[in-house]
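Handing you a structure now.
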């Protein structure tokens, strides 16, 4: 019976070490991003953050204006959400409240599949299909615009919004719905006035997570939105997102330079933004979905 | 059983956080008897039972003091090997919880984790345990089918067999027949009476008639305190305490 | 409102079906594109197994990266989940840890790419290499594995643990014999979906493991490696007309196969559970 005496504390120790490693990794990530951003944040160049130009490799004065990049990210993300949220909520409501079991069993996995697709593939299809489409539809000289990226991004984000709002709606106790129906409301009326308000938090979580995914996406925007770091909010012009900037420029920088550090600062901003959105969203979900 | 008393309790007190659940209990439980534990809801019956196999440890903020001696060892001591304790003191729960494995694997689970590997020995134990609970003839042809296909009463008897397979000396039953229909209940009750020859049975029940039918001694707890402990027949016909009389005649509070 | 109800329901139905059909259309488009390229003999060299030689390094690279990453990420991820659910007890701190891990599992992959670059490529001196890639992908995958394993373990009914402990089993034995076997199929399903994420990641690898269009296979883990999604990306950047049409369908097929396997595992295990009850 001696084996038993050792295996329990040994198991507890081993798994504890693994858990510790994960904790270490998470801490290391935060620490590293802050550490690499510090040189920029403590440099005088940091005051150019609110400038309208992003010209880090200029021969004169380097401007590290985040505004054009932020505008790019926000434009693309918000446009994508403007498409994905209505469509996603409609589909979520349909799946949760109206579709029959068989229909659901068919549709849900298909839609969930999108979330598993490599974004390069979506970018590829977007490049071959959407870019010419946008170009001809709107008579532009190049099809690489904010809108192009937003359309494909919307597709990428749809399954997130659909699945989570579906889950949130299904977590509503059916007694609420029965009460609404018994009071004489029609099916849709009950959905609109009872189910959706009750699932408010879950639906908000769905949107937050969709936003987080969209703003953090790199490959699709690099391939489809052109590469112009001009401050503009016009959907038919090319833009440059924060992610595209980090991705495109980090290879060309030297470690320790202001440029390198500025890019990590961008990364830190993205990191904290996504982390905040995710934490809030999952907090909401734990209250509504997990019983 | 070599000693006269299976369990000797002295000054046992149990707390869950700030809640004082068992208050200074002292009593000796004789071996090879069926002892019923009765009392109003919340009086600490289940807590008392779970102290005997240290299953209370699973709950947070659990604290105990006093001594509980089983086979010469004070199992209330913090250094007790609870794993070895649970081989000697088995338990059947209110809601049957067979593993989602085959009937055979359910019974063999206990012996296996305690080191018995030889197939013949395991098969012997499985047959013996199932026979002791009267299930052998019913299931011998489908030992490999899932335990979840059995009826509620059968599952509960299976859980009893599973506990017996480990070879305990004391068997704890926590309201074993509450979730069962009258027929299944009567089967369980017959079993409990038979178990007396080999084991000491301590059974929590909220059914007074059941306690009267099945047990030799009865322990009546009220708000965590020992009110009365004595031979069942005497406690139910001529209770010494007024509280006991009020409880068994239904005039509590 | 009731008057418009059938119309609105129709709209909802059309939207949902639209999304699903769009997905199917996408899959068909990519596959057709590939079929087209494979059958056109426009000067594309045919290599081993009838595939253009160019596709082999990325394919092998992806497979090796994935398998090696799993070797690290699975034990660490599942082990952490076991610690969280079975050994760490209940407390607000543990709940926060869970929340943080879930939040980290949904972070953009470029964050992991930057982290991997700074840690493995630069600080630890691994350079752009296979091992830097594995390190980065492992960090990327671990939170996801922790989350799905944790969910799988927590969904095992508590009654089994209680029964096992009452029979005199230690915590670890209980986990090993009464909890893990039941949670296993969910963990496997989740792991397979995690694999899908790894195989499709381009950005992290481009920062840590790959260089532009290297067509040769080198077997040293300290050298750069090729990977399917990266290959596709570079090919598009180089305006290569053929390579994307082969790489894309291949990547898609791999992803679909993984997805179907995960789906199948989930179906089989849920059927087994309902049959038992």
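Should a chain be cited, it is by its letter among A, B and C, assigned in written order, with residues numbered from 1 in that chain.
By our rule, contacts are C-beta pairs under 8 Å (C-beta built on N, C-alpha and C of every residue); 3 or more make two chains touch, one makes a residue touch a chain.
Everything numeric here is computed off the predicted structure, so don't read it as measured data.
Chain-level centrality, scored on Cα centres against the all-protein Cα centre, points to C.
The greatest centre-to-centre distance from subunit A, using averaged C-alpha positions, is reached by B. Each chain gets one centre point, the mean of its Cα atoms, and the points for subunit A and subunit C are 17 Å apart. Taking each chain's centre as the mean of its C-alpha atoms, subunit B lies 48 Å from subunit C. Measuring from the averaged C-alpha position of subunit A to that of subunit B gives a distance of 55 Å. Counting partner chains per residue, subunit A shows two or more touched chains at residues 4. For subunit C, residues that reach two or more other chains under the stated contact definition are 170, 173.
Along subunit B, residues 83 each make contact with two or more other chains.
Contacts from subunit C toward subunit A in the complex involve residues 1-2, 5, 8-9, 11-13, 15-17, 19-20, 22-24, 26, 29-30, 33, 75-77, 79-80, 82-84, 87-88, 97, 99-104, 106-111, 113-115, 117-119, 122, 139, 142-143, 146, 170-173, 175, 193, 196-197, 199-203, 206-207, 229, 232-233, 236, 244, 248, 251-252, 255-256, 258-259, 263.
Chain contact summary for the complex, subunit C toward subunit B: residues 89-90, 157, 159-160, 162-170, 173, 177-178, 182, 273, 275-277.
Residues of subunit A touching subunit C in their complex: 4, 7-8, 11-12, 14-16, 18-19, 21-23, 25-26, 28-29, 32-33, 36, 87, 90-91, 93-95, 98-99, 106-107, 109-111, 113-114, 116-125, 127-129, 155, 158, 162, 186-189, 209, 212-213, 215-219, 223, 243, 246-247, 250-251, 255, 264, 267, 270-271, 274-275, 278-279, 282-283, 286. Contact residues of subunit B toward subunit C in the complex are 53, 55, 58, 60, 83-87, 90-91, 93, 95, 97-100, 109-110, 112-114, 146, 148-149, 159, 162-163, 166.
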